[in-house]
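Take a look at the following structure, please.
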Amino acid sequence: MEKETVRIEGFSDAVFAIAVTLLVLELHVPDKDSIRNGNDLVIFMKNQWPAFLAFILSFFSVFIMWVNHHKIFKQIYSRNSAIMFANGLILFLVSTVSYPTALLARYFNGEASAVVVAIYTGIFVLINFAYNLLWFLASRNKKLLRPGITDAAIKKIRNNYLYGFPIYLIALLFSFWIPLVSLIIILGLWFFWALSSGKIEMNVTEDRNRKIK
Amino acid sequence: MEKETVRIEGFSDAVFAIAVTLLVLELHVPDKDSIRNGNDLVIFMKNQWPAFLAFILSFFSVFIMWVNHHKIFKQIYSRNSAIMFANGLILFLVSTVSYPTALLARYFNGEASAVVVAIYTGIFVLINFAYNLLWFLASRNKKLLRPGITDAAIKKIRNNYLYGFPIYLIALLFSFWIPLVSLIIILGLWFFWALSSGKIEMNVTEDRNRKIK
Amino acid sequence: MEKETVRIEGFSDAVFAIAVTLLVLELHVPDKDSIRNGNDLVIFMKNQWPAFLAFILSFFSVFIMWVNHHKIFKQIYSRNSAIMFANGLILFLVSTVSYPTALLARYFNGEASAVVVAIYTGIFVLINFAYNLLWFLASRNKKLLRPGITDAAIKKIRNNYLYGFPIYLIALLFSFWIPLVSLIIILGLWFFWALSSGKIEMNVTEDRNRKIK
Amino acid sequence: MEKETVRIEGFSDAVFAIAVTLLVLELHVPDKDSIRNGNDLVIFMKNQWPAFLAFILSFFSVFIMWVNHHKIFKQIYSRNSAIMFANGLILFLVSTVSYPTALLARYFNGEASAVVVAIYTGIFVLINFAYNLLWFLASRNKKLLRPGITDAAIKKIRNNYLYGFPIYLIALLFSFWIPLVSLIIILGLWFFWALSSGKIEMNVTEDRNRKIK
């Protein structure tokens, strides 16, 4: 059975790659008038730490999203309109990440901190929802999936994203109370996904081995 | 029969992906001086609603154009200079979408509303024309198409784009009268294409099944 | 014999696609203060005609360069360091096109006209040189080329680019005298390449047919 | 044995291509008020020489990084989480190159020269570290590599990157003393890699030939 989703994956990869690479444009170089010597530049860059934090946080978040996208589409072999548009929603949200990142970079350190962290966390709630939707739409019809995929593997992938939803919501709530905690929760989830991504892959390989036997 | 259009599709995908991802650069982050607290930021973003509307409208329009490009090129197997340059015209127009989007974002809410909606709608009239041209040039010579494609499928694709032309022209006319109606017509056409794209694909699958029998 | 240049082509396609799509960022949207109504906007855009001209000229020039890159790499099957770096030089020059385009857009209409047209034309002289270099390095060793390519086809491709060199130099000279003539010569060369690209492809197909017999 | 790393390479190629093409955005076009004629423009561009130098230096450095990435991944056939994230670190650092390039462009010619050259060189120290890490993680487990790769080839690739580390550190130290020397060392290393890349490739071909016999 031929994989029908090659061009969708190529297009999605390009959107992820551009979204992740455009983030650097938010690291602003100081105006020539404000910098007289190396010391001024070092001080300027130190004061810009929220911009570097936001850049690193967003870069690796979009990168891990890409890893997850990759992992999901390894299981999807056919496509229909529903999958096309759930994927379109993911790409839309991924392409917007640079906007809340820029807000976080500029206003995390100040009075508007709670609002920008809420917007930043909110985008991740929506992206998590879109991933859940994609996998729901794809796994609802086993004809669309990789032949021989087990129900256990389908459920494992579903749970992996489903558990993220309440945690992102908690992060969203914290943003109005202690914004820094929200960012730490998001960071924690990335570690969880980075580590769990290996396990699911292994599981898939087991399935494949079982099929071969 | 080998498909000769792989590299054209890859290049086109990249242009679509970049065009769609660059749109976010038009969402401007407010200057630090104008924002004292979270409330100021919320008010700033509320006033920026035409920018968000323009961003969403353009993102999904380019995305649906990509879906349609994908669908047309699934039927094209060989290429000639005419197809190369009709495709070049599509890519040219797609790459310009961010400019009328930026105009719409900045001037929809004001005196210049009619002019920016006319320019925005005008681009879609031209893009629709370019898609009609591409399919006309490709389907004129059945040797360029997927072997076994039926005349009914060729006609169905043609009509799908042909019907769009007068509707976009109507949207263009409305822009001088009630600009909002133009945008609603464009939105309506996207729903039409999103829904009709499924049907044509099914049709293609039927053809394939028929051929196999 | 497997084609070794797939990843080089993919990378090159991406650079061409980004270079061509970034050009639109040079079409500036007017500041909100300077536009009171639709009429002001129309006048602003009319005065911006050199920006639109430069955008269209550069878009299709990079697009035709991509078509030619595509055509040359269809004949190259193996790679060596020399080809890698000749290709790197092409990509470097292609990625810079947006800079002379921006200069042309801003200063064609004024005192600095001759200088910006000379810079703009100069980039095309260099790009033409890089294409000649690539084909010289690739065709010098027939082991790198598509098996079965005829000497006539190799020569035809070489001449196609070689003839461009003196014409671009003439365009460069005219830029100091009548800048508009330089741009018309460049436009003329694109038509030449757009039309000649079809012929060489046909020739290649003939070779293939001959080989099959 | 099927190569599992195709989509990682595609994504990485896109990030490299975007990172390298975005560099041109740092070449600024002068404001219309400051340029009265062609002479003013020539003087402006002459004064901007550090921007052109930084652009050329960074373009070819990212290009050579891509060539090396290409070369390493030709030897990697399977992937695991460790490789995914070592590659993610490379892409992160590559995507940031435009920031120190912009600093170098603006401040190389002035009091902050030492600081910007140190930052610029520092990024290359980190990138060299990330390449060493990637190859360490990949080559530690021969199951991940191209079947039939010799220990000599593995060691040759390792040394190729390992030798770069102390040299980049020396370049970093020089940035505080004679900044220009740092840039010349970086330039020298690129020539070294450009030239050595050919040799390793040949070596690989020898391995392949040996395997065939």
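Letters A, B, C and D name the chains as they come in the text, with residue numbers starting at 1 for each one.
Just so we're on the same page, contacts are C-beta pairs under 8 Å (C-beta built on N, C-alpha and C of every residue); 3 or more make two chains touch, one makes a residue touch a chain.
Computed from a predicted model, the values in this text were never measured in an experiment.
Engineer: Fit subunit A onto subunit B over the CA trace and report the rotation angle, somewhere between 0 and 180 degrees, nearest 5.
Structural biologist: My answer is 90 degrees for the C-alpha fit.
Engineer: Report, in whole Å, the distance between the mean C-alpha point of subunit A and the mean C-alpha point of subunit D.
Structural biologist: 26
Engineer: Compute the distance, rounded to whole Å, between the mean C-alpha positions of subunit A and subunit C.
Structural biologist: 37
Engineer: Among the residues of subunit B, which ones contact at least 2 other chains?
Structural biologist: Answer for subunit B, listing residues that touch two or more other chains: 10, 14, 18, 22, 25.
Engineer: How are the chains arranged in terms of who touches whom: line, ring, star, complete or other?
Structural biologist: It is a ring, because the chains touch in a row that closes back on itself.
Engineer: For the complex, which residues does subunit D have touching subunit A?
Structural biologist: 7, 10-11, 14-15, 18-19, 22, 25, 80-81, 84-85, 88, 91-92, 95-96, 98-99, 102-103, 106-107, 111-116
Engineer: What residues of subunit C sit close enough to touch subunit B in their complex?
Structural biologist: Listed in rising order, the residues of subunit C that touch subunit B are 9-10, 13-14, 16-18, 20-25, 27, 29, 32, 35-38, 40-42, 55-56, 59-60, 63, 66-67, 70, 194-195, 197-198, 201.
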